[in-house]
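As structure tokens, here come the structures.
In the two assemblies presented below, chain A is common to both, partnered first by chain B and then by chain C.
On to the complex of A and B.
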């Protein structure tokens, strides 16, 4: 309990100290399932007094935020090795630690750093018997890597190291070297609406667009270079595409009626979206090369079809439709045809997306008037409620399928929150000022 | 609430005014007409406006109410708003050059994209009623804001009640 409080406190203090983040990270639940590991502070040598960032602290925070690991506090460490040869495995084993990360950072030229790090599995032997003799064994060394980073990408590189460690320990690709887009609303400002992107740990928040009018539904291009979103700057919903690095902004769709719910196909060549130009909200596919529209759904004047999402193989589109009186999830081939219904539980199911392995869908479910993020197994049809927050909306999956970020109401404010896809680990992410909504997790990023 | 009440009472008197204007009879207050020998023989009401002007005035008063509220998850216009929409339609059909935008809104519950479409459905319901009373479709544009522009940004039932609405905005 005290350790959990200490972790909570240190996380809060860490986020308050940075000026570049506008979201706090508050771990709600789930630390009891986390595996104890240790990320020993990396050694540093160089002309600058210190490295651009504390790499081991970034790694430890990432691992903690995944909900699967509980990094040991620095002051409890029995020793401070900086390379694997210096590690006395028995000391760590005695403390209940399962894996140890050690490393060093060296500034080879000003602003350029060489990084070495190793991941040790304390349960694997360091020696084995071969031909009647004890020989050294490197099974315990799960990772032994060198790399380089500059001042500019030092944080990103730290997240990549964390991804490698996560994958070595879980078999699942890490998603720390990713970003999240979101919309903040501060009604005390003359331009209350802002579209932000930030690192997955909340750092490096940058405003992409500020507006007097509402912004909705940001969505990432598969190459991570652009975001499409809905803007009301001209007094109604229109879709824009904004390049992150060049700032170039183009209007994509501004038909009469609704222009909304944009989502890219996995190959980045198409955009599915909702238009009501032909009488009611329907789903269309826009070919980004030819700029041709193809209508995908065709229902009567009072039916709403919206919230399209591509399957991981790009062959199917999940969407929300109230053709059966209440909103439910349907699936239709990307080539068109008759949609089939996917959800049958609860009064209302909306905003669905496949997990990357295609085996489940994450969605918003309403049962007895309460809106929760839920997961439905495709094969069995079983639905599991993941959250205990109320009024949940806008779920977005991490690209490795382990975590869902979404918007919800807490203490009378709209905040972001995260829940692991097994429902065990919960985090709350309130904005420092105003309200936050419409989160969108980036794809895996290459830099 | 008071504006609604005012609208109702004006509505009640509106047909009465029509009645009055059409019959061309006295103000019911008494035999004043016998005294006004300098004026024309047809008796005039105390107010010097024409019946048409009075009707327009009364109608304008009713049309000060611009908002129609909806039940949760619903886009049907409740019967209590029929007279209000009739009054707006009365004006619009007599002024074919006037355009209105019907805004559709939702409370924040549910997903923002579904609510954007639900808001449009609410706006369409109001538009359809106006058209059934003779307004041409070219005069009406429906714009949905979904849950994005609440009248009351608080996160409770009281606020949600005020946010489930369609608003008639006269342009120009």
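On to the complex of A and C.
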């Protein structure tokens, strides 16, 4: 008797639990806009007249570059608090601002700075009801941090602060405290070719290598400590690996014929590259420890297979091939096998790389004769053109997949540009002397 | 719901063994005290008293004595029998009387009961008739009320629907849909004038409730009717924002 009752009771409970919530309104689509935020100028105190850099300006610029945020101009701010207690949230709410950053910089000893900053979510409640009473709620204070920096790394530290803010607001790791490598060509110099690395916003550029002969295709090792690139210093294409902090250089590939388009596997143990040692340009995988190599593609003498890129899980290689008459993107398993075609839109697709979530690829697409950076969704195959610049080439993705740096032509000169992967924000990087090309975005540098 | 009913039907409840407390079945036999006494006396008479026999010429005397005693015994027996018979007769008579009386009483009772039953029946009938009349009246009233209410409800519902879709539009205007996939099911409480009273997360995936909460706080005050019935209808709404696979449409 009891057993039957128990079973009947549990059935009743189960059916009650499975009863769906009665939904009154269903909304599937909304708007898509850059979120309005405000980075209030930080307070400064110290012996020097001003801090090494305007940290709040750097943070605001970073957030804007991601395309996901729209920082409020300083002259529109209703108040200028420098710590969260001073913030009157209603004033910002009235302006539609979703989040406010406030902070202060103090020079504790000459050249050493203590930084305090807070991030306030304007739309989170500051009070909640608990046990019938109104108690204060600290959900609205998303960040309350203290850090320190010296004059040398003050700017880079500002990018780290921007990363923390980005992650707190989106849940995605920020990629502002990263670097980009690129090649400049200044024919007016005796050694025209230079390999540079700079901050992700183009500042703090430093030269890594200068050469009389061409430098091409820089690529970062996954630990962010070395860069591999193609150098023609010996009269032909060879691939070198250079340690960034020690300057040590080693030659890692010098096969007969072409050695080009190097790219590291996600675990850093292998290199995929283009070699023509067996007759024509094909994709190979080179094991950096055993020095053993394996051929991945096998097409005839009139076909070029090049520009390999690993998938985020390291199992696939994306590459450009003109086996179908015009360059298109194909993918092949790292274990080899039959490659399958990935792009079908437009008359030309090249230089493809996966976004870190593996759901899209960023590439160069040519439609109606115009080369644009585009994003293709893997599942649906739909392609979205991201840029409105012309003759775009060599796209490189930020390690969190939110921004792309690429080379383009402006006023007859090749320059670098950036576009956010949602297509919202576009910028041209400050033009240096000569031509700038072959940008490569570093991996995450801060753990 | 069907599932529940089916399960109940499927289950056979065991026959319930209920042990009631019953008085133990005693096979009683009525014992007649008088009969026992009689039997005892009979037994006593059967076993003669142990006396030593007298001399021979007293043997005639003895015979006479014995004859006398025998006669005495017989007379006694007869007398006892007479008593017994008389007793029996009296008892039977008494019993007959009693039975007759009981029968009479029973008949009277039955007659009375019958009367009472009839009267009760009459009363019940009257009551039933009255009740039925009252019910009919009430049913009429109820039907009229319900019709009025239904009409009003329709008016309220269609007005509520109108405002529901306005509220939906307003939220859409202010909701910044996140890049990733996900959904948020929440309860929104609104007051007169469409003021925002509360946001309560019910279900979430992909960190969607942050943007949902922001949207409704930004969108307030919402379009709202002035009709208190409609305000009441819309004061607590369950809303799903995003790609929700659990919705059964």
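Just so it is clear, the second predicted complex is superposed on the first by the 387 of 447 C-alpha atoms of A that agree within 3 Å, B and C clash if a C-alpha of one lies under 4 Å from a C-alpha of the other, contacts with A are read in each partner's own complex, and residues count from 1 in each chain.
What we mean here is this: a residue touches a chain if its C-beta (ideal position, glycine included) is under 8 Å from a C-beta of that chain, and two chains touch if they have at least 3 such contacts.
It should be emphasised that the depicted structure is a prediction, and the values quoted were computed from it without experimental measurement.
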Quiz item: More chain A residues touched by chain B or by chain C?
Solution: B
Quiz item: Does the superposition put A:422 against chain B (first), chain C (second), both, or neither?
Solution: second
Practice problem: For A:28, select first, second, both or neither according to whether it touches chain B, chain C, the two together, or no partner. | Solution: second
Quiz item: So, does A:98 touch the first partner chain B, the second partner chain C, both, or neither?
Solution: second
Exercise. For A:235, decide between first (touching chain B), second (touching chain C), both and neither.
Key: first
Practice problem: Would you check which partner chain A:291 touches, where first means chain B only, second means chain C only, and both and neither mean what they say? | Solution: neither
Quiz item: Which bits of chain C are touching chain A when the two form their complex?
Solution: 1, 3-4, 7-8, 11, 13-14, 16, 164, 167-168, 171-177, 179, 185, 202-203, 207, 211, 213-215, 217-218, 237-244, 246-248
Quiz prompt | Residues on chain A engaged by chain C in the complex (per definition of touch) | solution = 1, 4, 7-8, 11-12, 15, 20-33, 35, 68, 93, 96, 98, 123-124, 171, 422
Practice problem: Under the touch definition given earlier, write down the residues of chain A that touch chain B in their complex. | Solution: 187, 214, 216-217, 232, 235-237, 256-258, 260-261, 274, 276, 280-281, 302, 304, 306-307, 320, 322, 327, 348, 350-351, 364, 366, 371, 391, 393-394, 409, 412-414, 437-438
Quiz item: Given the complex with chain A, which residues does chain B contribute to the contact?
Solution: 108-114, 116-118, 120-121, 141-146, 148-149, 153-156
